[in-house]
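Following: one structure in structure tokens, then a few remarks.
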Amino acid sequence: MSIKVIIAGFKGKMGATALDMVKGDKDLELAALLDPFAEEEELDGVPVFKDKEQLVGFAADVWVDFTMPKVAYDNTHFALENGFAPVVGTTGFTEKQIEDLIALSQQKALGGLIAPNFAIGAILLMEFAAKASKYFPDLEIIELHHDKKKDAPSGTALKTAELIRDVRQFKKQGAEDEAESLAGARGAEFDGFRIHSVRLPGLVAHQEVIFGAQGEGLTIRHDSYDRISFMSGVNIGIKEVVKRHQLVYGLEHLL
Amino acid sequence: MSIKVIIAGFKGKMGATALDMVKGDKDLELAALLDPFAEEEELDGVPVFKDKEQLVGFAADVWVDFTMPKVAYDNTHFALENGFAPVVGTTGFTEKQIEDLIALSQQKALGGLIAPNFAIGAILLMEFAAKASKYFPDLEIIELHHDKKKDAPSGTALKTAELIRDVRQFKKQGAEDEAESLAGARGAEFDGFRIHSVRLPGLVAHQEVIFGAQGEGLTIRHDSYDRISFMSGVNIGIKEVVKRHQLVYGLEHLL
Amino acid sequence: MSIKVIIAGFKGKMGATALDMVKGDKDLELAALLDPFAEEEELDGVPVFKDKEQLVGFAADVWVDFTMPKVAYDNTHFALENGFAPVVGTTGFTEKQIEDLIALSQQKALGGLIAPNFAIGAILLMEFAAKASKYFPDLEIIELHHDKKKDAPSGTALKTAELIRDVRQFKKQGAEDEAESLAGARGAEFDGFRIHSVRLPGLVAHQEVIFGAQGEGLTIRHDSYDRISFMSGVNIGIKEVVKRHQLVYGLEHLL
Amino acid sequence: MSIKVIIAGFKGKMGATALDMVKGDKDLELAALLDPFAEEEELDGVPVFKDKEQLVGFAADVWVDFTMPKVAYDNTHFALENGFAPVVGTTGFTEKQIEDLIALSQQKALGGLIAPNFAIGAILLMEFAAKASKYFPDLEIIELHHDKKKDAPSGTALKTAELIRDVRQFKKQGAEDEAESLAGARGAEFDGFRIHSVRLPGLVAHQEVIFGAQGEGLTIRHDSYDRISFMSGVNIGIKEVVKRHQLVYGLEHLL
């Protein structure tokens, strides 16, 4: 039996990509679409709504939400109240709001997911890198992005570095008396290890974590080329939340 | 308090490398050395024995064994009987022998490790690759070795492929109508995915598993340059078995 | 003084991409556009024509051609006759036609370029790989493409292999007694070396040539993500042909 | 007919490695060995000398020199005077000394080579990187070495950067308003591009130059694992100098 899915925010880029993904998976069934900017009343036989209140009592299993920060909390609350397990990619939740939503999900015995990042590859990289750092405390991160990117290191690199710091035994790497003849050559220091940011045209979003030990090396690399890469994470989210009875924050908790 | 270590087979290459490792770690203390080919009676103040029976009643915590297949079972049995937690890199155990040794370890409430591969990086690669294959069923393995290697694919590649097969949802990869204009271009098929073996002078032992999905890729690579890389695995083995009460087969069970 | 450019076939994908490139380069000036499918008479102040005869006597320096195989020879001939140095990405020329066009270009003392591949990166990879193979006769090619690709090895890999064969001292690589436990593991054999074809979703078009020698390795890799990558080759073609007095076949002759 | 080779400094590490290389190449014949520290008078039937004056009038083609800076000039001068084409890996020549030796080689019509670096792979990388930078002005250098290395960037990286600077059209890379949240993340700036230095145990000496352009990327990587990698350069040097009539400085002039 297929899982019935509502998509909120289907007129936006992510919502539209999610729409294509759901339509392309025979285990999923598109039940309804919601967007205040929708002008149609139906799309390929699927009913389209402009106001979420029209969905009270509607028969569906999952509520996929790619809307706006200002409505994300209300939407997620509404989904839980109405028996739809939420899978939410919209950002802007406070910690308090997430706690409230988890409590509500427990009360309703409904699964749910709020995820700041749906790229499974990026999440696996972080998980693997953190685990490897327990055994290989010597590591460096190289992240590579297009040359319009303004911040360095990237948010993903910093998040990866923090996860590593939480489990790695502290070590200040490199030769004790190492010296840079050109400032910055050794990259940015973070908790005793180094992060390097490469910026070149043609690149999209890439990251590698290189571990070194006596006589061996281990490298984990993620390449992200397109927003469509988030969809496998949304797909897994949909299929997992229907088996759960509590909302989680972060896709890693469903992997 | 340091862990007291006996090394059996310290005259062999691996045993000698283990000897250096133990001497270099201040948390470990070399208690005794054993080798039928030894001619000295003492090495840097550490007693040297030629016959294991001389070690009955000796005060030590761990028995590191890099000897020969024909004595490995007897040695491990002896170690457990005498209260030394075994860390064994010698090969040639039958399944039945391993079962017996596990039973004996439980009876003695002693930890222990028999490991066909001590390279932590290789073990992490296998574990990560298997986990990633649950989410990314599209993958290929490329293993690269020196050009004197006779077998292809490598044993590690086959082991990795089996671990992936055990958890990956089966999928026959590639275009349905793909065709090779030169036979072998697409590599060896294994359970619907492909394995490629590169052989070049200068290389030692390397392996990468490449995963692909819509809009993203994930690559995990291990490079092995030197037998010294096995020593971090032996070191972890020594430090873990003293905390356990049962022998395990495979370093992955201690990570 | 800027170079005046005509674009033939500006309604096609490549022609349209070339149009954007010319408009974005202040050293180039768009002089005219030609396409039988054009409906407009002018585009941003640039005259648009449907028939090449309308361009007889027109003032321009370079004729960029991304049209159809069936008209490519006539177009290139026309360009040379009328004093426009041709830069042609259309395929389908016979060897005899190319000889004729070279002879005509010499007679007119006009530069020109017919190029089956405008990706400078791919051309540099081939050139570098061929040169390196003189010193490192041990090499393997790994090409990686999306999983809808039907042929293996790729055309670029075969072209690279041929260029290497032309200059490399023949050597049959690998251990003399090597054996495959899974057929195809060692890839396709070509002149004593091996080619491996990887096919995965998410990939576009990538190739690496790995050289190995005692104690060292050299790797050259090209990644192609988008057709826009051809435009730097077209740009160089335009700027080089105006300095030359003979048509060449292959962008490598202008690098 | 094989080339007769004298090795000066055969008791040192490089000289001994060269000795093995010459013995292993059937196109080369070991004619004599020289080292003030030699105690034998003969090695496998080859005469051993302690003083170069003993080699006046000796029949040989090439003088391989891996001695000491303080005798390198005298040795090379002696080789040329006595009709041996020198292949010199010893360092410490002044510019004036090199000029003198070139003049002497011309007078004697003898080939010769003084090379600060015999790793062909490293030299090819530099040559290829410089050529590619003409077409791809956007690039970054990542060099990776063992964690005992004190200086960053490496000498090879700086040499590569200088060669690139000499031919690349200047461009300041990266977003105009890019900012580092951790100092050093963007690496060291050199002529508008960036250099990153990675230091990890297990690594030896590696360098990659990454080029990026709209829709494509080109990467050139050299891995150096062992001093034996210098021997292919020495081998080429020996075989080339016998065909030449002038000494050159730098192996790149013989490739």
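We just call them A, B, C and D in the order they show up, numbering each chain from 1.
Here is the rule we use: a contact is a pair of C-beta atoms (placed from the backbone, for glycine too) under 8 Å apart; a residue touches a chain by one contact, two chains touch by 3 or more.
Just so it is clear, the structure is predicted and the values come from calculations on it, not from any experiment.
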item	value
Farthest chain relative to chain B (centres taken as mean CA coordinates)	C
Comparison of B-D and A-D by number of C-beta pairs in contact, larger one	A-D
Interface sides of chain A and chain B: same vs different residues, half threshold	same
Cα-centroid distance, chain B relative to chain D, in whole angstrom	39
Chain centre separation in whole Å, for chain B relative to chain A (CA means)	35
Intercentroid distance (Cα basis), chain D paired with chain A, Å	49
Multi-partner residues of chain C (at least 2 other chains)	202, 211, 213-217, 223, 225, 229
Chain C residues within the chain D interface of the complex	119-121, 124-125, 128, 131-132, 135-136, 211, 213-229, 231-232, 236, 255
Residue ranges of chain B touching chain D (in the complex, touch as defined)	202, 204, 223, 225, 229
Complex interface listing, chain A residues touching chain D	138-140, 142, 144, 147-153, 158, 173-175, 177-190, 194-203, 210-217
